[in-house]
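Structures incoming, each one as structure tokens.
The same chain A turns up in both complexes below, where it pairs with chain B and then with chain C.
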Partner chain A sequence: MAIAQAIARRVGVFVLSLLGATVVVFLIVQALPGDVAQATLGMGATPEQVEALRQRWGLDRPALVRYGSWLLGLAQGDLGQSYLTGQSVSGQIAPRLAVTCWLVGLSMPIAVLASVPAGLAAAMWRRRWQGAVISSLSQIGMAAPVFFTGIVLVVVFSVRLGWLPANGYEPLLGPGGLDLAGWASHLVLPVLSLVIVQASLLSRYVRNGFVEVLAEDYLRTARAVGWTKWRALVRHGLRNAALSIVTVIALQIGAMLVGAIIVEQVFALPGLGSMLLQAVASRDLPVVQGIAVLLVVVVLAISLAADLAYVVIDPRLRSREA
Partner chain B sequence: MRRLSLIMGLALVGLVVAAAAVSLVWTPYDPNLVRPPDRLLGPSWSHWLGTDRMGIDLLSRLMVGSRTTLMVGVIAVCLAIVVGVPLGLVSGIRRGWLSQLLLRVSDIMFALPALLLAILLVAVRGASVATATWAIGIATVPVFVRMAHAATLSVMAQDFIDAARSCGTSSAAIALRHVLPNIAPIVGVQASASFSSAILAEAGLSYLGLAAPATTPTWGRMMRDGQVDLFLTAWPALAPGLAIAVAVLGFNLLGDGLRDQLDPRLREFR
Partner chain C sequence: MAPRTRRQRTLTHGLTVLALIFGLTVMGACAGRPAGPDSPTLKTLTVGATAEPDTLDLTTSDNAAIPQLLLYNVYETLVKLDSEGRVRPLLATAYELSEDELTYTFRLDPKAHFASGSPVDGDAVVASLERMRQALSATIQAQMAVIERVWAEDSHTVKVELSHPSNKWLYDMTSTAGIVIDPAATDLANQPGGSGPFQFSYWIRGDRVVLSRVGDYWGTPGRFDQVTFRYFSEPNAMNTAMLSGEIDVISDLTSPSTLPMFADDDRFQVLEGTTNGEVVLGFNHARAPLNDLRVRQAINYGIDRQAIIDTVWGGKGQLIGSMAPPTDPYYEDLSQAYPYDPERARQLLAEAGLGAGASLSLRVPTLPYATGAAQVIASQLSQVGLTVVVEELDFAGRWLPEVFLNGDYDMTIVAHVEARDIGKFADASYYWHYDDPTFQDLIARADQAGPSEYLDLMRQAARRLSEDAAADWLFLFPKLVVVAQGITGVPANATSLSFDLTTVAARG
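Entry: the complex of A and B
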């Protein structure tokens, strides 16, 4: 019962945050000074032309009405119409979304899988040179911006070795049927760029999660009953490390999505990020607004999932909620 | 080992600050001087880091670029501290519905990454360094609200606050005289960490072409321009990238070092 209540409360907060986020995005895009219609038509436009365009885009309605109809559309999965093409934003997003989903969906689990052994080794050898090497590498991976990492990878694997394409994208299911090799070869470097940055950050927290456990009495007990240090640490530390991972993913998901936007630019991938940047360049505000809301919803949903995962991973939270 | 990160952090940050300071009075070449015959030269004695596709000396441009990096960082982090810390302080001392609302709003803003906020603002107002700085600053506010709030709560639970209260000290006086000095060190550590995030965000925006115009030398913009010639020479794209990494690493290490100095309990874990 206590768990159900805790979950219900968190879902409630999620829904309210979602509403709040739509207000924030709407206010930024729509309520800031500047007349889009005027800017689109240029200085030479007559006031009548500007007014006509404002009417066509529905900008002559009060802000509250515009927000209401936008929100109503959002609830039905309708993100509005592009100023530029007049097409539905949701329809344009769908093919782009696949690219970004592959990018983030592949790099996240790989980063998590890489960071656990790295963090474990760094914790185990924290007073030895091996630990120092791992920690230094993770510091460097965190400091290098993702586009720098990406460009270094291109220099090594595309320019010098010529193994992989420097940019572009092939869909998995192209016009010529299933193209696994083409698809994968275009995704290796972008995914690797994101993995390096994310795993560097994650492994640092995983390491601290394990190190915390090293100081616990129950670890000494496990050692006393004859467990090896590694076995005890893996057995007892993994849960603590899992908590760290969930925390960091929840905190960093926004940064990771932004990283994906930048990586798409580095490798000229036709994903959500490049669509967003094109829309910004042409001031296509409904598209910008739609993608921004989509990204924020993902961030909030992941935070909610992390909150719920805490309850599953950490039994202490369950009793505290009661 | 602990002193090491503080010393290395100070050294790297010092390097960037020194480059910015020297660039005010001297650079090897004019950072905007276009010399087509000298384009895409490799590193040499006359051009330490080589030249870009316009024949501009890369070192000169990097030095001038460090000014933008530091300026955006300083302004954005100061903005975040000036707005965020008082809000966190007040919400930690007076726990009413207003504080709750404040925290909720800052949670929502927290879901909006600096770069996304900047992209939104750029879409409306057009690309400029000023817009980027504002966006990064605003996006950093919730970080300081949360941190100051949590730190204030733990200070407010101390006995000396009860003592001050029982002597009739007002809330404002408690905030200024007792809470603020106690949370100031944590604010400093967070400022260093936020500084490196701000540098990364600015570099990312410039790289995406959403901050500075091509005429203003910024590290991210230089990488964007350098990437075009990647198959001819990698240096114009890699040099500014290294500069960004050095600056970010410097502020990260400085933050780690400061935290270890301030909180001996955390030392065991580093």
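Entry: the complex of A and C
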């Protein structure tokens, strides 16, 4: 019963946060300066044409009515229609979302996989030169802005060596059928630039997590019954360090989505980020609102998932819940 | 040794799967084909461009990215503009103008047919022109407003009657307003249908549009099996794609400071031509003191335009002196009408009663050329006693409503990229509020005049703008095109909105 209540409470918080977010998104988008119809028609339009377009898009209705009809659509899974193309927003977002999902979805696991051994090694060798090298490298990886890392990678691997395409995208299932090689080759450098930043950051949390574990009594006990230091660390340390890492990962996925916007610009990827920038510049408000709400849903869902992950990782939390 | 628990096994299992994904990705990447658009069987061309169209329907939008892609390549017009700016036959083998200069007769090429196979006959042309008269695009509607009626005399002859003689109309017919659309094409936004040497193949939004060759094109066939237009919102991304050989052409280099990396490299050739983009320092004629000719002239004398080109646009660009680029038939060089002369500027300001100085606002959109030029101008005009307050405004958010619509400014800078747009100065309600009966009369008479008289009147109009210092024409945007060695026939001058593929070829 207690678990059901806890879940119900979390879902309730999720829905309320989402509702609040729609209000905020709507208000911010409305507050964007400039008239949408004028921005679309540009300098050649007459005032009558601008007014006609405003009416066609329903912009002459009061803000509350517009919010209401947008929310009603959202509840039915309808994000509305783009001003510019007249196509459904969700239909336009879908192929873009796929690009961003691949980008973030591949980068995050790789960053985690790279950061755990790096952090573990840095913790074990923290008083030796190897540890210092790992720490310095992670400092550099964190300090370098993601667009800088991206440009350096492009210059080295595309312009100088010619191994990989500099930018652009090839859908996994494109017009010419399945194209695994084309798809993967276009994602390597963007993913790598995100991984470098994220793995550097995560490895520092991993290192600190393990350093704390190293001082714990239970580790000394494990060593006393004859376990090697490495084995004790992996067996006891990993799980304890994982708690703080999961929190950081959940927070970092949000940051990664933002980083993806920049990476998409550097690598000319047709993802959500470039779509959002374009939509803001052309004041295609339904698209801006649609993407913003989608991002909010993703971030909220991740924090919900992180809450649930704690329970799985830490049996102590589970017994307290029950 | 403690036995492995079930949970531990699950963890190991999960890690193995993740490692597999990682490994596969890396392997897939390494097995990836080498960078580059060429494959041995297809002859392809990849063109890098800056702005992606939002729709492919030319009749609903004035977005220049659409004709760049489709005009002359997918859609053809009755008459076409060549790279010297002259009107040439295309779908019409010949055209005649009646004695009263009101009726045009176009004789259609009997060979011409659409990519769909149906002929470009009188009925198709009439239907297309009628479609344009109803177009949603404000620009096209205005251009076609002069048409009185359109009819097909026989299957290869089309007549158009105008309500008054108009030179501009025939010129407009060489561009989007004049394209002949396949009557069978209904979903123009996603599936354009024309009679050109290429047809639309597919579009990956945010990335590229691909055109393919029409197998049985009625004229000289296209020289590439496939042409890809790739879109880059970030100029650096386009540059690196060019440097790594993924694109063959940079259709418009918008960051002149990066030019040396191509100019100094044997793999590339750089073409420098002219555009229709006049960068105009606009004056608000509805306000003092800019309604005073002496003040406007003083500003023209007080600005060293060559210095602006050098600082802001990498030394590339041309001095013009009026609202006409060198590719307009009525162009004459007026760039020396107001040579840089700070002394003369101070004198004129003193005559206008501003000897003690004055403060002017310079409200510019946040576009690279405008913000860069604004700083130089503020510094130069301070030398002649004018305090220029520069303010940078987001184009759609603030510049359009405040400067363009409400006229809340003294001076502003915008590039006017439309072809033959000198007539904008004849519209007193336009944001400059330039209201000069002499100029307006010249433009109106020129449009209705015979061909030779037309050029003379247009020349007078351009000169009038210069004498009246209606604005300060800072410079003309250069057309900087980077082409990979081996690609020939890319036109240097941008006289039309099209990236014209019909002359482009690959050597070997």
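Just so we're on the same page, the second predicted complex is superposed on the first by the 297 of 322 C-alpha atoms of A that agree within 3 Å, B and C clash if a C-alpha of one lies under 4 Å from a C-alpha of the other, contacts with A are read in each partner's own complex, and residues count from 1 in each chain.
Everything that follows uses one rule, which is that a contact is a pair of C-beta atoms (placed from the backbone, for glycine too) under 8 Å apart; a residue touches a chain by one contact, two chains touch by 3 or more.
Remember, predicted model here, so these are calculated numbers, not experimental data.
In the superposition on chain A, A:133 contacts neither chain B nor chain C.
Looking at the shared chain after the overlay, A:261 reaches chain B, while chain C stays out of its contact range. Of the two partner chains, chain B is the only one that A:29 touches; chain C does not reach it. Of the two partner chains, neither chain B nor chain C is touched by A:94. By the touch criterion stated above, A:169 is placed in contact with chain C alone, chain B being left untouched. Of the two partner chains placed by the overlay, only chain C lies in contact with A:84; chain B stays clear of it.
When the two complexes are overlaid on their common chain A, residue A:178 makes contact with neither chain B nor chain C. In the superposition on chain A, contact of A:292 is made with chain B only, not with chain C.
Touch criterion met: A:277 reaches chain B and chain C at once.
Looking at chain A, you'll find residues 32, 34, 151, 154-155, 159, 166, 265-266, 277, 283 touch chain B in one structure and chain C in the other.
Those residues of chain A that touch chain C in the complex are listed here as 32-35, 38-39, 41-46, 49, 84-86, 92, 95-96, 106, 109-110, 113, 151, 154-155, 158-159, 162-169, 171, 174-175, 180-185, 187-188, 191, 265-271, 274-275, 277-278, 281-283.
By the touch criterion stated above, chain C contacts chain A in their complex at residues 15, 18-19, 21-22, 25-26, 28-29, 31-35, 52, 54-55, 62, 138-139, 189, 201-202, 204-208, 210, 230-234, 236-238, 240-241, 243-246, 394, 396-398, 400-401, 404-405, 431.
Contact residues of chain A toward chain B in the complex are 16-17, 20-21, 24-25, 28-29, 32, 34, 132, 139-140, 142-148, 151-152, 154-155, 159, 166, 208, 211-212, 215, 254-255, 257-258, 261-262, 265-266, 276-277, 279-280, 283, 285, 288, 292, 295-296, 299-300, 303.
Across the complex, chain B meets chain A through its residues 1, 104-105, 107-109, 111-117, 119-125, 196, 200, 203-204, 207-208, 210, 220, 223, 227, 230-231, 234, 237-238, 241-242, 244-246, 248-249, 252-253, 268-269.
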